[in-house]
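In this document, chain identifiers A, B, C and D correspond to the written order of the chains, with residue numbering beginning at 1 in each.
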Amino acid sequence: MGEESRDRIARRAARELKDGMVVNLGIGIPTRVADFIPEGVQVVFHAENGILGAGPTPEPGKEDGFLCNAGGYPVTIVEGASYCDSAIAFAMIRRGGIDMTVLGALEVSGRGDLANWIVPGKRAAGIGGAMELAQKAKKVVVLMNHVNRDGQSKIRKECELPLTARECVDLIITDMAVMEVTGEGLVLREVMAPYTVEEVVRYTEAELQIPDTVAYIGGDAP
Amino acid sequence: MGEESRDRIARRAARELKDGMVVNLGIGIPTRVADFIPEGVQVVFHAENGILGAGPTPEPGKEDGFLCNAGGYPVTIVEGASYCDSAIAFAMIRRGGIDMTVLGALEVSGRGDLANWIVPGKRAAGIGGAMELAQKAKKVVVLMNHVNRDGQSKIRKECELPLTARECVDLIITDMAVMEVTGEGLVLREVMAPYTVEEVVRYTEAELQIPDTVAYIGGDAP
Amino acid sequence: MNKIGTLEEALNRITDGCTLMYGGFGGIGNPPSLIDGIFEKGVKNLTLIGNDTAFPWIGIGRLVTAGRVRKVITSHIGSNPYAGQQMEEGSLEVEFYPQGTLAEKIRAGGVGLGGILVDVGIGTMIEEGKETVVVDGRKYLVEPALTAEVAIVHARKADPFGNLVFDKTGRNFNPLVAMAGQYTIAEADEIVPLGELDPENVVTPGIFVDRVIPGKGVNWEWVWEKKAATASRGAQPGS
Amino acid sequence: MNKIGTLEEALNRITDGCTLMYGGFGGIGNPPSLIDGIFEKGVKNLTLIGNDTAFPWIGIGRLVTAGRVRKVITSHIGSNPYAGQQMEEGSLEVEFYPQGTLAEKIRAGGVGLGGILVDVGIGTMIEEGKETVVVDGRKYLVEPALTAEVAIVHARKADPFGNLVFDKTGRNFNPLVAMAGQYTIAEADEIVPLGELDPENVVTPGIFVDRVIPGKGVNWEWVWEKKAATASRGAQPGS
């Protein structure tokens, strides 16, 4: 995925941030969401290593090795922040205190099943906090490429990879489209230029419902 | 039990305090043990409501309503003390951090079973921290009258009352005697004046072993 | 993100028949203004969850004494004779747990676990009727987590986000209870501006707190105060 | 009650084949001087319990990279490719848990519970082979508590009794791990006299700590430091 595409996905995800939300951002593209917080929206960032109220990356030279996010990179804190141990950081997650989490994915099913931690036969990195976040956050937003390196859809009828959590994903944002998991199935909401509805459907293995209105992002409707 | 007898029991129990011990004192006579700490011995007092390092009762007029022991009465703290929530206060107990606890009892068996929380058919006060302390403290010292109001032995072959914990008591100190629960059974260690070994045996329902030497406390051997 | 509200707003959440969890140990750490408000509002038929029933005229004890409580899940009621009396009469249902087990059951609810495995009480009547599991050859009781519709706590200081610090032994069950409420109300002796509490020293992070109200401070006399001893002789149950 | 000792005394407790639990998250909060000492002493065949295997040249990662570890019970090894490589080769056994479950398993050991009931991972391969219980109609995994022969933690400050405070996100797993050691060693950046730590702000009460040693501070370069990025290109596994 190109830099521009990554930023577009992150910017789109940032539009899901609502004032007052407590938010946990996964590592990778999800971390970039913090760079695109909409004007007038204040959110509280949570980190599994024990911050409630993480702030922006410090200026170069102002880093503190003991003030980092869950990925090990320096952050700051905002007014009203607090530190806690990781048991309490996960208590916040399990108790439903996280309004929204943004995660990467290997596969997502049309029902919102998420696979993002292990590929059998390949080197496993581990689980980290993904299972708790996927299963317990009120809203789970997945950012990923629409297709994998072999050109196959990552949005599957059924996930083939071991699951992180069942029926947990609410919104999928890819380089091609924005799709919502609803009680009536997976619904196409937006198409990213220069793709067309037909292309999105072709590269989506899961059944995808096309409502009467689909928005176009980053260009006019083709 | 008279005032003098209470003090004698508490003073005797205080001799079990060794330098460096972490100690929890129950409510009632056990609380008095703190008044008789042997010279040169420093112990750390623990309270279930969240103090490690409780100090003596404050002078009248210096009490703080938010600095009390588990019985709700004002205490102070010593250097190196800390406050914690009750979950952590009990973590200290369950993890074996309490070297010694001093408790009251309704009945004790010769094997060291302890009954001190409920009399069926009578109004129950509840359990409090007694079960954790009895079951988990490294050394459990029981202070009580040797006989109940009906003149019956409180040191039984088998406890009739519901148990607080099984085989937990290490030392029993009564108004008549000091007895140790050992692998070979209950052993008489000391007799309190003016009682005789024979009287202690008579008022002890559990089998009591009499070693060659038994010390006498508070008077010459009769 | 300003959670500061009024006692009246808070009391809207506390209604007849609700399950109410409270912080405190022997009255210390019971939230005085909230309990006053509940008392004055006339809320009844409560199910209480907390360490003890305090003293007849202190803190949560007042609600028990006044017959406003249907059931209490607790560790000890000995310091409130009216609780014992109502239990004997059958008007108050009492469920006892060892104190440390109760603390962990509440914490388990607060941190989103289903329950805990504990060996305290094994071999006693506490074991009766309880599910057990064996781990590494040792038997443990399965103790389900506890939560409540509303939790009330007493803090020394709070900020507008709901970050809390407590006052010495007034901490006790409060941080556990604060996490276990589906709706948690914190009464604070002092409300400070955002950023004034040291992030290292916050005991309850604000995410667990839904509403902060200013408290008027302790409005009872402690058991160890002479005046209280006198007043207690005139105390009457019910009201 | 003075628990202050030397690194050498502490290292006597850490021997070949022992089970070693450690605080830290991505290297932050790993105790640097203790890990240095373990490395220099040549301790091998360790079973580690901790959140992650850090980075190849940072903190606990060094022991893994050097092949001193037989097994690790952890949540994540992705930042240390040598861990993954050894896992593939079969020289390192890895047991993965969801991070929050791991934190609570360690805490459960630390507070003397037999285990916890957790629903995270239900319906995934995490459930396989695990005992389950049903509470209030919901299924939970039985997750046994974790303890270790020795636990090592990194504190910002310690006093002679072993009371600890931590440094911002250096707290992470440290207070949990401190409770779960049969023998707990705290390395502190600063040792202060008894009474200097505010009793309200102590995070780990000294009762959980057996030995306090003075630390020399972090002796590695963080991943986000330019110099570290350069050094990493020259890093070699094993030693």
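FYI, a residue touches a chain if its C-beta (ideal position, glycine included) is under 8 Å from a C-beta of that chain, and two chains touch if they have at least 3 such contacts.
Here the structure is a predicted model, which is why all the values come from computation and not from measurement.
A.B. asks: From chain C, what is the lowest number of touch steps before chain D is reached?
C.D. replies: Steps on the shortest route: 1.
A.B. asks: Listed by label, which chains are in contact with chain B and with chain C?
C.D. replies: Touches both chain B and chain C: D.
A.B. asks: Averaging only over C-alpha atoms, locate the centres of chain A and chain B and give their separation in whole Å.
C.D. replies: The mean C-alpha positions of chain A and chain B differ by 58 Å.
A.B. asks: Averaging only over C-alpha atoms, locate the centres of chain A and chain C and give their separation in whole Å.
C.D. replies: About 38 Å separates the centre of chain A from that of chain C.
A.B. asks: Give, as an integer number of Å, the spacing between the C-alpha centres of chain D and chain A.
C.D. replies: Chain centres of chain A and chain D, defined by C-alpha means, are spaced 29 Å apart.
A.B. asks: Of all residues in chain C, which are in touch with two or more distinct other chains?
C.D. replies: If we look for residues of chain C contacting two or more partner chains, we find 104, 111, 113, 119, 166, 168, 199-200.
A.B. asks: For chain B, give me the residues that contact two or more of the other chains.
C.D. replies: Residues 83-84, 87, 90-91, 93-94, 136 of chain B touch two or more partner chains.
A.B. asks: Classify the chain contact graph as line, ring, star, complete or other.
C.D. replies: Shape = other; not a path, cycle, star or full graph.
A.B. asks: Pairs of chains that touch, anyone?
C.D. replies: Touch list across chains, by label: A-C, A-D, B-C, B-D, C-D.
A.B. asks: Touching chain C in the complex: which residues of chain B?
C.D. replies: 47-51, 63-74, 83-87, 89-91, 93-94, 118, 123-132, 135-136, 162-166
A.B. asks: Considering the complex alone, what residue numbers of chain C touch chain B?
C.D. replies: The touching residues are 25-29, 51-52, 55, 74-79, 84-85, 87-88, 94, 96-101, 103-104, 107, 119-121, 123-126, 166-176, 203, 218, 222-224.
A.B. asks: Sort out for me which residues of chain A touch chain C in the complex.
C.D. replies: 20, 22, 42, 44, 46, 52-53, 77, 79-84, 87-88, 90-97, 136
A.B. asks: With touch defined as at the start, can you tell me which chain C residues reach chain D in the complex?
C.D. replies: 104, 108, 111, 113-119, 131, 133, 135-136, 138, 140, 142, 144-145, 165-166, 168, 198-201
A.B. asks: Contact residues on chain D for chain B in the complex?
C.D. replies: Touch residues, chain D against chain B: 1, 110-113, 159-161, 163, 179, 194-195, 197, 199-200, 202, 205-208.
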